[in-house]
Every structure is written in C-alpha cells, then in structure tokens.
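In the two complexes below, chain A is the common chain; its partner is chain B in one and chain C in the other.
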Partner chain A sequence: MGETFPEVRQKRRTGQGDRIAELGRFFRNPGLFTITLLAFLLIFLFIVYPIGRVLLKSFTVSYPAVIVTFHHPRPAPEGFKERLAGIVDRAAYGVKGIEARRLSAEERETVLTVRFRKDWDDLKGLNDLRRALGKEKDSLLPLAVEIKYRLGQETEASFLTYREFFSQSRYYRALKNSILLACITTLIVVPISFCFAFSGLKGPPYIRGFLKIFGLLPLVAPPFIFSLALIILGGRQGIITRLLDLPLNIYGWQGVIIAQTVTFLPLGYLMIENVLRSLGSNLEDAALDMRASDLQVLLKVTIPLSAPGILKAALLVFILSIADFGNPMLIGGDVPFLATGAYLLWVSENNLEMAAVFCVFLIIPSMIIFVVNEFFLKGKAYTTVSGKPQESERRPVAGKVLYPMLGFSLAVSALIVLCFGIIFLGAVTKILMVDNTFTLEHFRSPNGFRTLITSVKFSLGAALIAPLIGITVAYLLVRKKIPLKRVLESMSLLGFAVPGTVMGIGYILAFNTPPLLLTGTFAILIVNEAFRNISVSLEAGVSKLHQIDPAIEEAAADMGAGSFKTYTRVVLPLISSAFVAGFIYTFMVGMIAVSAVIFLITPGNDLASLYILSVAEQGYLGMACAISVMLIAVVLGSLGGLKIMMRWTKTEIL
Partner chain B sequence: MKGYVRSLWFLVLAALTGFLILAAPAEAQRVLRVYTHNDTAEMEKWVPEAEKAIGMKIEWSPRMASMELWTRVLAEAPNFHADMIWGFLNSHAQVGAQRGFFLPYKSPAWADIPAEFKDPEHLWYGYNYWFSALGVNPELLRKKKLPRPRSWMDLTNPVYKGELVMPDPATSGTAFIFVSAIMQIFGEEKGWEILEQINRNAGQYTKSGSAPAHSVAQGEFAVGISWDQAVYGRVEKGFPIEGIIPAEGTAFDLEAVAILKGAKNVEGARRLIDWLGSKEGQTQIGLLRSKVVRPGIPAKVSVDPKLIRYDALWAGENQKRIMSEWAKRFQR
Partner chain C sequence: MGAKEILRLTGLVKRFGDLTALNQVSLVIERGKLVTFLGPSGCGKTTLLRIISGFSFPDEGEVVLDGEDITQTPPNVRDTAMVFQNYALFPHLTVAQNIAFGLKIMKKPKKKIEDEVERLLNLVQMEGLGERRPHALSGGQQQRVALARALSLEPKILLLDEPLSNLDANLRILMRGEIRKLHRRLGITIIFVTHDQEEAMSLSDELIVMDRGVVRQVASPVEIYETPADEFVARFIGQINFLPGYVTAVMPEGMILTTEIGELFLAPPDFPAAPGARLAAVVRPESVGIARRGAKPPEEGMNVIPGRVEAAMYLGFLMRYTVRCKDMSIQVDEPDPRYNGIFDEGSEVDLYLRRRVHLLSR
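== the complex of A and B ==
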C-alpha cells in the first residue's frame, strides 16, 4: 500500500543522503519518535509475539516427569551414587510408562528425573514410583535422609508433533476438511453475492434497498445463529424433519456449508457491490451499442472487468470460512475442522502442542492469501473511473439475465428472513412447533443478562482502543516519514489475517506467566479484540487521509503547531468519520465475537455470544434464541442510537 | 526538551486510561468467582439462592464440560482464575488434592454429614451424588422395532447401529465415568473390546453428558448414555424417555466443591461450602439433583440403583492414559 503514496514515490527519487537526513529528523522529533516506538512496541507485543509463541510451541514436545530428590548427609556415603542407581533400577523395573530417567548428583542431594510416556498420567507415575521406592525402604534408608517427590515436565524441541499430525487421521483429516469446506463455501458464496449485487444495481430501484437490508442483516447477529436456526429447522427432530418425516441430519457438512454461506454473504455482497459500482457503465454501454446482448455484456464485459475484485472477495471468504469457529462448533457434528479442533485439543486434552500445529495449518492458507492480496492483487482493480464509486445511469437489463439472478437472490433472502424468524419465534414459544404457547420464560436468564452487559463493556472497550491505534498508525504511515513503514503496516494487518483461534491460543501461551500475566483479566479480552481489529480502522484512516489535502496540516504547522497539536486539533477532527467507522465496526464485531475470546474468558468475564453457544450446545435452544434476540436488539439499538446522535449533532459520519 | 515532556504527558494519560479499563472489575472482595460443570439451568436456579445465603454476588463461567473444566484448572495452575470450583468430578477432586490445588477448610455445617462424602483433610466436600444411566425413547424403540437394552453389554448389539448417542469422554465427565466404569467392571482388555462395539453403534458424540438424554427425549436417538438427573428429570416432565440402570451395576460419582489456592475471596468460598452442606443448601440441591448427602433431605430420584464399587482415585490417576487411548481408537 505504501508504494502508491506520493511521498513514497518521492523518496525513490531522493538519494541516500536525504534518507539519512530524514532519519535524523525522525530521531530528533521526540513526539513522533515516542509515538512510533509505542505503536511498534504495542503491535509487536499484542499481535506478532503471540503468533510467534504459537509457532515456537508447535516445534516442541513435552513429557510428564517426576522428580525425586534424595537428600543425604555430606559428604555422600562411600559409593553412594552407584548404590542408589542400583536401587532405582530395581524400583523402576516395576513402574509402567517410563521412557527415560537420569540421576544427577549434587553436593547435598541426588536428583532422579523420570520421564514418562507422553500420554501418561504424571500423578499415576509419581504414586507408582513412590510405591516402588517404598518397597526398597530398607536399602534406601541408610543412604538418604529425606526423599521428596514432585511433578514436573520435560520439554524439548522436536518435530514429533508434526509427525504425529500427519500419521493420525483424526488430525490430518481436520486440515483436509477445513480446506475443502473453505473451497465449497467460497464457490457458493461468491456467485450468490454477485447475484445480490448485480440484481440490486441493475434491477428495479426499490429492489436494491430491499436486497441490501437482507444482504447485510447477517452482520448484526452472532455468526452461528444460522446454525441454531438450521438445527431448529432440520435437526434430527427439527420442524422440517418432523413435518415431512424425513431422515434429515443437518449436523455435519451440509449444515456447516449452508450456515457459512449465509454468514459470509454480507461480506461478499459488500465487496462485490463496491466493485460493480466503481466499474461505471462506459464499457458496458459501448458493448451494448455494438449490439451485444445483455448476457454477452455480463459474461464478456462485466464479469471480466470485475474479476480482480471478485477474486479478492473470494479470497476473503476463503479465509473467513477456514477461520470460522461458531458454525462448525454448533452444527459440525462429528466432522473435525481445524479451528474447532484446536480448541477441543486445548480443552479436552490440554494438548497445546498439537493445538499449535493446528494453528500453523490455520495460519498457512491465510498467510498465502494475505501475501497474494498484498503483493499481487493490490492496485489491480480495473476501475474504469477513478475516485469514488459513481452511480451509473440505470438502464433496464433484459429480463432473461436479470430475473434468474433476482429470483435466486430473493430465495436466499427468504432463507435469511426465515432464519431470523425462527430465532425470534423460538425465543417466545415454549418449544417451537412442539408447544407453541407464547412465553417469555426463555428471557428470564440472570446469567444471560449479565453476560450481555459484559459483552457491551467488552465491545465498547475494544471499539475505543482499536480505532485510536489504527488511525494513529494510519497517520504515521500516510503523513509521516518514519522508518520501517512496510513492517509496521504488515504487522498491524496480521491481527486481522490470522484466524481468531490462533490469536486465542497465542494469547494463552504469551500471557500466562509473569511478568506478562494477563490471562484471567478482563483487559486481555479487550486487548485481544482491539488488536485483532485495528486493521479495519487503519484502512479507513488511510483512505480518509488520502482525501484530505496535506496542505491543511502544513498550514497548521506553519502557524507554529507541533505535530502533536496538529494531530489532535487538525487531523483527528478531520478523520473523525474514519474513527467512528472503526468504532462501529469493532463494536459490532465485538458483540458477536467467538473464536479468540473463547480461549480467554473466565468466570465473570464471559460474553453473551459465548453464552449462547454454550446454552445451544446443551440443547436449551429456546434460551439460546432468546439471548440471541436480546443481543441483536442491543446491536441494532446501539447503531440506531448512534445514528440519532449523529443527526442531532449534525455530524456526517456514515 | 519540551517535546519530550509533552509526550511524557501523553504516555501518562494513555497509561491512566488503560489502568481505568483494567481496574474496572476490581471489586474482587465482594464477588465470588466459581468454575462449574453444573448444568446451566441448574446454575440459573441455584446461584440466586446461594447469593442470598452468602450475601455476595456469584459469578460463574459459562458451563464447561467436566473434562474441559479440569484441563482448564490444570492449565491455569498455580494461578487460578476463580476462587473455587463448585461442581466437579470426585476423581478430579482426589487428584487436585494430591497436587495441592486446594485450600483446606473445616466447615462446621458439614459436621453431621457421613465421612465418606468428605475429604479427611477437609480439602474438598461432596454435596450430592449421581450415577450413570441409560435413557431410551420407547416410542422410537417401538417404531424401529428395537429391543429394550437392559445392560451395558446389550449396547454392543449391532441392531442399535446409528441409534445410540453418547457423550464424548474427551469433554464429558459422564462419559468418562462410563468409560472407566466399563474398565472397572470388565477389566481393561475386555473393556476396550466392548467400547469398540459400542463405538460402532454410536450415531453421535455430544460434548456434554446431559445432551444425550436431551436428544433421546426429543426423539432424535433411541438410546442414550447419560446420567440420572438428565434422564429422570425428563421422565418427570413427561418427555418420551425412560430410565434404565444397567444390570451389571452402574458407577456413581460425588459432586465435589473445593476452594482453590490463591483464592481472592476465601471468606465467600467458605460461606458457600457452609451453605452447600446446610439443610437449606441441601434442600435446594435436592430439588434438582437425584441424591443428596445430608441424611433426611429428600432428593429427586427415589430409585436405589445397583452400584459398582467405583474407584474414583483409579479413574483420576489413569485418566490421561485411557483418554488418549480412547481418542486414538475412536475419535472421528
């Protein structure tokens, strides 16, 4: 991105000497230096470092160990070590699960370290060993004054975990499934999004607003409520299943695919609509003038022209599908996937090493796509008119092209409305379609309310921090001459590119020991969410800054304002709309966050979205629907409130 | 120089903001934070009662399955993020006591509760007990012309292929107790053979131990391996489900409570233990659970099941080994 900025181009022309002078100016500017350093430090600590810890962890393997200390009088009795070794040999013979052991003599004590098999219970090892050594009491007593047992762990660098990953089908199948799932979802979502965007733009004017609402509706709901609705509809005892008496089973592939399709539709739709709008109609008009049919125009002009944009949307959907957590968790049944697999490895086996390997395979596709996007697709959009997307003159498109697409879009819209309807009805009836009595009992959940409040606090916190950092970084990147721009930019985008599961496990690994002991606090949740989302504020800030003439800032500087004052008094007010956009985005994403935060919650710090997931998993579908409805109401309410506030203060933001 | 001073001010300001956000939930003294594997619906009912009794707010994690809870505790040691665990497996309590995770507390309220339900060192208390049970859907059995299972062995019958739902021992305590009970009844070698056959019949593994009873009651599966209250609670509510206690006998487990070392609110944790042992607390527990430990307090299940001598310490000591074996053989 930095490449396209005017001052970067300028820098190319300047010589080595100027560069050094520039660096000198940078170091002599204390405010700029401190803020840049702070930005680097924070972004490194909260994005890069956790990911690094995950990578490191995947190359280690740890074994349960028992450490036995024999205290003995000084000097050690004659032939002490040999005699002890003999006794230990005899004792260890009867203890199962031992892999290795070693005796090391120190001045006043001899330490026996026994390494057990990886899948062995350390406490069983300790008790077995104690029993075995107890039998040797008579020969041990004259040697050692006191014997102490303690549990330990032996960690070494190794590729063993990777070897295990590829040798056991329960591990490598997760990788295969995740990639397959992402491919299928992408192949479904992208055409649907295209249909939505195309029929919205070319169809009758009123249809666009209509489609926009349905296309964007999934954004305000927790990403897994479609799974919830699908379970109510088509589970083994779902509404459709019972009405038609079908042996339906929504759990597994089909469920995840449908749920993901609906979940990721808004993003695909937004991106593709943006591309189609910025195309302008010149080329299409030209083709039509040359007597091309509408279908020919669509296939030969519109689609090829928007291909880079569509490809970008496809890549994003691909990443999101691989990283998705809620849907596979709720409706995935027995099919293993990477993101949820990593979580289950952590919770059920505390096997952080294998979870880290899962994370590595989650990172690789995202990284490839991130690199492709950054280095190959950037600036490859075939925009026929530069600048803002312009509204082209509406010209009717032949029905045989438009109507199938419109019909398809409306069908998908109907599915979305149906899902929302089911969630709402499920919330206010005892058991939907079994006992349709109206009831509000599902809403009476004290913990549901509490988690909602926590969610709001959490999202507000993240939504304040993320734009602050994101826009500051954007300002540094666009307007200031600082070293290592590209590095700073890539580091900040990393938080978004890497799946939430990785960031969750990374935070556990990075912040679980002093002096960086942060796990268990509320702050770690906020920090995690904020840093994962700074890139959106950053992008908003960058594009806004490009629209503002640097001359305004120069004027401020000429009148004696320092860079700090210029930033707070001139730049911040001008880019406040980017700030608000970042704020709203982070707030909405925070309210429905699942994947990274699920690793970090503790009692009292749990979030509504996770509570819904847990309640739904236990089969309390009514309660899950009710809390979802409340959550959606909170999100919509806050958005509405913001809009009213904006109108009231007459600030133009969105 | 002036510039540095100003940026210093900025730093102070930023630090202050950060501190304010961090310090927001600092009222640790008045809030009791608990980990639990109890069912969400149970906690939603018990917590308000307990809050009244101890005069403090109780914050609890969203429901974790038993194994999930225990790995979390193991992973967090020695810096636990909760004050206590209210509701976890006896085998884990025994292991935790040996590992030195708990603070001892001699509760006066528990004086007249039989010793078999308490730790002699006062490290943990068992406030109720429960047993594994089968739930069957009689309508579905009839519809699919399946025999009624009577024993654990019956579950190996291939006619139940795809009709059996059971919890995943990787996450669920109910399932783990079932697996270790099979090991203890039949011996390890035979036990694995039986599990192999049951695995072939299992249509779905659920994360929690209550979920199979739920699916059976909803008519999703014909037979489910679950625990007493999940089954009998639904029988009572009139769902099409019947409880079966397998002929070989079933394993029972104590529901334990313990104070974690390093707890910030020890006073609150002690008060909660007192309440759980008291008549009032036991009555509340008895309203939702099958069997309570205080003599003379009614509870929900009157059936006296045939129990095996379940060795919880053995289960705790061999958990990792058995679970990784299980995962290697059966995880899908």
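== the complex of A and C ==
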C-alpha cells in the first residue's frame, strides 16, 4: 500500500495559483523554512561544491609567477608606467622561461606580474628576475623607493590540461585501462552473480543458504583484502609461485581482475537474485508447459525477462570497477588506472590540474550510467503481479542446466573462502608457507590498534550524521511541500554516484583555504564519509515513510504539534528502523573506506583500512593480514552486537 | 480401459508438511468432456490440476493419460496444456510469438507455424492483433491469447486454472460462453478449475466437487444441484434449506419425517428407510411455495407449514423471504412477486412443500 502514495500525490496536481499559495505557506513556516534551507546549504557545501571545484580545476591552468611590487613616495608621475615597462622589457630580455607579464598601476604602487612557463622552477625565475632588475637599479631608483619580490600563481581558464591528457600516453592510457578493466570485470561478475543467484533459487534449498553466505562474505571485508590474499598466493614470493616454481606474476591486469571480481560479487549477486525472485516461476512454468526444456526456458524466458535487471546490475558493477581504488593500488602493478592515477598525480607531482582531469573522466561514466538508469531503465523490469506469491514446491531443474552453474558458483565460493583463509593464516604465522610457526606477533602493532580505534570513531561519527541528514531530507521530500524538490534529491544522490577519488580531491580543493580551512582535521574525514553516504539513508527513509500513513502525522498536528515537534516526537520514532539501517550501512562502509579518505588523512588520524594498505605496500603482509582480521572482527562484532541489542529492545532492522 | 476414457487418476495423495492437500483422489475423465473441479479455496483442486499438468508430483497414486502412465513425467513432455490464472503470457514477445512459442520449440517448419498462428488467432477472434505486446491487450484479449497458445500444442487435455477470475463480471460471462463454444467446436477434453459455482454450473458437462482434499461428488450440473450427495455439496452449490429429522412412520404411499418445522409427509427415498432412521430433507428455496395464511394449496397433497415472515428482500427478479416456522427459519424464493403479491415482514403465511423432495441419510 505504501506504493500508492506517490501516485496519489501526483494526481492531486495543483494549479499555478495553488502553488504560489503553497510557496507562501512554506516561507511563512519558520521551522520548515530553516530546516529546508539548512539541508540545501549543507548538501550544496559538502557535495556539490567540491565536485564543482574539481570541474573548475580541470578547466584551469596555473603558471608559476613572480610578483614584483614597486612602491613610490608620491603618486606616480605622468608616463611612469610606460617608462617602467621599457625598463622591465630591457631587463627581462635576458631572463629565461618568461611567458607573459603584466603591469598594473595604482596610486602609490605599481605591480608587475611575470608569468613563467608551466614547468618552470619559480624560485629560479625569481632570482633571475631580481638579478636582471638589479642591473637596472640606476634607472629604477628615482622612480621607486622600495621593490618587493614574491612568488605567486597565475591561473587562467584553459583546455590545456585536457590537451595534455590526450597527447601523453601515460595519461590517456589510464582512461583506456580503466574502461577496459570495468568492461572485463563486469563481463565476469555478472555471469558469476547469475550463476550464484540461479543455483541458489533453483537448486536444493540448503544450497541457497550456503551460496548466500559465500556470496555476501566479501561485504564485511575491506575491498582490497582479496588483492592482499592474491599477493600472498601468487605474488613474486607467493605460495603458488614458490610451490610450483612458476614465473607467476599476479601484479597487473590479472590480479586486479580477479580481486575486483570477488570484491563486486556480493552486489551483483544481491541485485540479480532480487530480479530472479521477483520474476516468479509463473512464466517459467508456462514455457515449460509449452514443451520447452529447462535449458530453453533459461535461454528464451528467464534470461530475456531478467535482462533489464541484469543490465542494471552490470551498470552498477561497471561504475564500481571504474571507481575502485584499493585493488588497483595494491595489485595493479605498473598498469595505470584513473582512480589510482589521480591519487599518484596528487601525492607525487602535486599536479592537481591533471588529477582533476582524471576525476572528470571518472565522473563521466557514472553520470552517463546514472542518466541511462534513471531515464531508460526505470520501470522496465518485468515482474509478475499475481497477488500472492505462488506457494508451490520447488520444481527440480534438469541437472545439465543446474550443475554447471552450481559447480561454477561453488568454485568461486572456494576462491572466496581460500582468500579469507589465507588472510587468517597469514595473520597467525610468521611468514605463511616460509616459516609456518604459529605467532601472534603480527597482532602486536601499536599503530594497528591506534588506527583501528580511529576507524571506529570515524565510522561512528559518519554513521550518526549520514542517517540524520538522509532521513531529514527523505522527510522533506516525501511529506513536505518545499520548492526545488528534484534539485535537492539529485544533489543528495550525487555524493553516492560520484567516485570517492573525486570527492577526495574535491574536498582538498574546496576546503584548503580560509574561511573553509578544514583539511587536516578529523572532522573533514567524518563529514566526507557522511555526505558520500547520505543517499542510502535517504532511500531507506523514503521507503519507510511511504509505509507510514500520513494520518498519524496529521493526528499529531491536529493535537497542536508543530512541524518540528511532529518530526521529532512522531515521525522519528516511527522511522527509527530506517535510521538503524542507514547507521549500519554507513558504519560498515566507513570501516572499510579507502578511496576518498586517503586524500584527507593526516599522520595523526590514519584509518585502519588505509594503514593496512600502506603496510601491505611496504611488504609487511603478515601485519596487513593481522589488522585485516581485527578489522573484520570489529565489523562482524559490531553487527552482531547491534543485532543482539535489536532483539533486546525488540526493534526491527531493515 | 475403455475407449472413452482419456485420464485416470488412481489413489492420489499429496502432502505439504502436516497438511494433506489430496487424500486418496481417484477419478476417471472421459474423452471430449468439459469437466470442472469445483470447491472452496484450499480444497485441493489447484493441487490436483498441478499434478495433472506435471508441475507437482503426487506422494502416492498414479496419473494415466490416454493409457500412458505419466505420474513422474515432467510438464514439458506431457500432452497437456495449461491456461494459467494470470495467463502467464511472455511480456517480451508479441501475441504471435507467444502463440508460436510451443510450435517453435517443437521445431515445426516456419511456414506451418505461420499458418497455425493465423488459424489460432482466427479461432479466438484476435485477427490482426498478432503484432501487439501482451501489455497492450485487455484482460479478455490476454485470455484469448493464452487459450490460443495452449491450443497450439494440440494437447490431449486442456487445463484451465481459474481462467476467468481476473476478468470483470460481464466479460466473465462472455468468455464463459466462448469457452463453451470452443469446446463444442474442437471436441477437446477440458479440465476447468474454479471456485465460482455459477461458472461451473453453466460451463460443465461434469462437475467434480471437492472439499479438503477429498472428492465429494462427481455428477452432471443438474444432478449436483437437484440431488447433492451430502450436506457439503448441497450447501456449497446454491442456497439450501437443510431440514434434519427422524422417520416416525412408514406407509405404502409415503413416510412421515418429523423435523423442527413439524411433521412432513414425504415420498420415500430410493434407499431403504425404516422408522427411526435419521434423514434430512434438502429443499431449494425456489421449491418452497408461499401464500397468505389459509389460502388453498396450488396442488393436491402438499405439506402446508404455517410461519411468519421474518425478513423480506426484494431482489427484482425474485422475492427472498426468511420465514420463521416453529424453531427454524426457512428461506423461500418467490420467482413471480408481481403475480403472487409481496408479503411484508411480520405477515402470517403458509409455506407449501411437495412430497417429492431430495432426501439424505445422516
């Protein structure tokens, strides 16, 4: 019944006059007005603005510049500027690297801005210029009392960085690789997910529980632990490499593809299982009745009918693969990819302009897919609308259809279990397969503990903020008549749709100058993580609110509760389950966050997931495994604790 | 096995956990008949249909189709075809492709498939709509496509699972007539499942009334209505006055049944009934006459039962009275209130009951 609300709302289309009256009511309601304004401001500031800064940055070029200020005692005499220009021309003739210069005269000072070539060392330029102008001291002195030199930057709008991107292979290859990787990963993940979902639903009942556990297991781990496990298995010093004496090299394409496949399996599995389940067995039964064999049913009915849903899953996996940071970072070897490339440009060259261009190419696929999904796939799913789900018994599917899929799924499950096993064994042995002595020394890592605590604090903070904002926005969207609804909704979704790397670089660009000097603080980490994840809480809130009869709120308002009071006293308790869902999601995601936060951490507030990454990169695989094990334990422990608490307080989750 | 027999079900048992959905069901269905499984929801009629179609397999018993044991045969190799309750048309295929689905699977030549689809579209009066998608069709049209698709298989039995339940009342009556006509024209064996007794009565050659996994009666609609086998059947089909009593005297020309509404002089049943036997008279409301108190009975030798009108409902085509006779209320349907007049609530009336009524032993 919850589904009917939006429709009813649309049917009650208001006329122009009514809409103006509605707006009037909105502006006369101070509580609603303030909350709405606040929501708009916060979401704009922490989602839209940073992304905007990235876009802007990609279209600008900065040059090293030297700014020379000439002070003069009296107002500049007639013709002073022309004479100065002449002197500067003469002096600058011998200075290398100058591209342009500009003079601007004011009452008591004249400023000369000299722009050097983009790759020029600005300090050398300054010294050269000072020396050259020093030679002209005699001509200058009567005019200026004091001459000051300082370093600066000249920024101008330009497509130069884009041109550079496409002209240098080390840049455009990252784009090509990322897209190729996303295609390959998607083409592998989707069939595997289909096999998992299909054999879970059609195979013997106990198989489903089994596959569900393995299919969802990767969710609780940091996204890169499969890379870690693969390195231990097949790296240059890896178990397989050594055991079989193979010249195996897991670094590069093969490693990233395997690691991403396992990492994104849960998502593909969840989505495709949902599609297959909502398809129901009715049409498959009909096809079977039409003399089709099980294989023909699968090929002519099941797959064509679930195609829109499968395509949706494919698009999401594609986006996630492009946005993935941890796996390419750890196991990508020398192959450049966009997300990691942007990070490396920032840390090693401080080339934020090129990093911003990388970001733009990270954003474009997500945006295209977002649009395709919104406008072409929405409402295109075939679902059986038959009232009650048919409670018929499971009809056995022919073995020649089921067993290959089941076998394939079990093989992938085995790989997942193997990865987890390797991580665990790696954590408790000195060096796995080299010195298999049992040891707990890897767990004795003060930094590991410190970063774990930081991670928990960080995730808790984000998990408290994200649902609060997400559900407030959901409430405004579903229940209140506010202007620019669609804008608010799209802005909120943007944080989720845009890859983390972009949000990381966006935050650096947006918040490193006063008055918004937030980089380097712990708060910026939390804010970033929270705003990137509000859309999940928002969706949960919207679906819960659709289930609550507006009459309950009207009853409360009828008894004299204001808009704000209605929200806190009546609505909040009712949608607490949406809050809990948002909290759990944000907490879990926070514990394993990598891509955006890596740009924002400072030595004092390192996170566990990033610490694992850096320890692993330095080759301390045992310690990386140990901290991973602890991290997974914390995630599972908190989930379990929450579940017990839920049962205790009889609150329902999800 | 006779030549007339097409389907034989023997001792079918189906359990879902603790629930016995079918309990020792045995039936024989004759070639070319339109047979209806009728019963309240949960009576096992759909389970039975699914076993016949092969979507479910019985725990005990066997299914023999045209002399061949198909108990364990999967649906895609049985000569049955099903029209599903929600039609189950393939939404990604056109009407023509839906109808051709089975023919293509059976690898018929292309030309033959085209001709066959054309013929079937004509048969269900859907000419020219072959290129439409199912969602662009009305409920009645979808129904016709589903029928055509099932008929394309030339099944030995056509199974219809509550096919009319998703249609509105007028369309339902129309489609009912069409299914009947189609059956006459093709001479195909049809099993029809429904919980709507009117639908069942008007369509069927034979009714199979089921309740809680057991077959209660197998008979023609007339027999089911006039001579129900037990109280369940009597109450399930139409309205009924169920008058339990004892035989108090047996005479050559009849017997006396003492009931709660008084002593009734009735023709003896076709089974032996000695004095003291517990019987029940089953009387349809339209078989009870009504007139003002003391009027002359329309026929000689009718039982006259005095009563008082408790409720009078004007339904247009008939008057429905509830009349209190001693300790029991009797329902009376007066088909011609214009001629006989209308009795208000509280009127003192006489009810007339013929000697020949359907009797059940209790």
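The definition used in the following text is that the second predicted complex is superposed on the first by the 559 of 654 C-alpha atoms of A that agree within 3 Å, B and C clash if a C-alpha of one lies under 4 Å from a C-alpha of the other, contacts with A are read in each partner's own complex, and residues count from 1 in each chain.
Here, a residue touches a chain if its C-beta (ideal position, glycine included) is under 8 Å from a C-beta of that chain, and two chains touch if they have at least 3 such contacts.
Computed from a prediction, not measured in an experiment: that's the story for all the values here.
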Do chain B and chain C fit side by side on chain A after the overlay, or clash? fit
Once the structures are superposed on A, label A:D435 by its partner contacts, choosing first (chain B), second (chain C), both or neither. neither
Counting only touches as set out at the top, which of chain B and chain C does A:S614 meet: first, second, both, neither? first
Using the superposed model, measure off the angle between the directions from the CA centre of chain A to chain B and to chain C, in steps of 10°. 150
Between chain B (first) and chain C (second), which, if any, makes contact with A:D245: first, second, both or neither? neither
Larger residue footprint on chain A, choosing between chain B and chain C, goes to B
Output check: A:V301 vs chain B and chain C. Expected answer is one of first, second, both, neither. What do you get? second
Return first, second, both or neither, reflecting whether A:L288 touches chain B, chain C, both chains, or no partner chain. second
When the two structures are overlaid on chain A, which partner does A:I526 contact: first (chain B), second (chain C), both, or neither? first
If you take every C-alpha pair with one atom in chain B and one in chain C, what is the shortest distance in Å after superposing? 48
List the residues of chain A that touch chain B in one complex and chain C in the other. none
Over in the complex, which chain B residues touch chain A? Could you list them? 3-4, 6-7, 10-11, 14, 18, 21-22, 24-25, 31, 33-35, 39-41, 43-44, 47-48, 59-65, 67-68, 71-72, 74-76, 79, 81-82, 95, 98-99, 168, 170-171, 204-205, 207-208, 210-211, 214-215, 218-221, 316-321, 323-325, 327-328, 331-332
What does chain A use to touch chain B in their complex? 29-31, 34-35, 38, 64, 97, 119-121, 123-124, 127, 151, 168, 170, 235-237, 251, 333-336, 344, 346-350, 352, 445-447, 450-451, 457, 461, 508, 512, 517, 519-523, 526, 562, 564, 601-606, 610-611, 614-615, 617-620, 623
Sort out for me which residues of chain C touch chain A in the complex. 16, 50, 53, 55-56, 74-77, 80-82, 84-86, 88-92, 101-102, 105-106, 149-150, 153
Considering only the defined contacts, which chain A positions touch chain C in the complex? 282-283, 285-294, 296, 300-301, 304-305, 382, 384-386, 392-393, 395
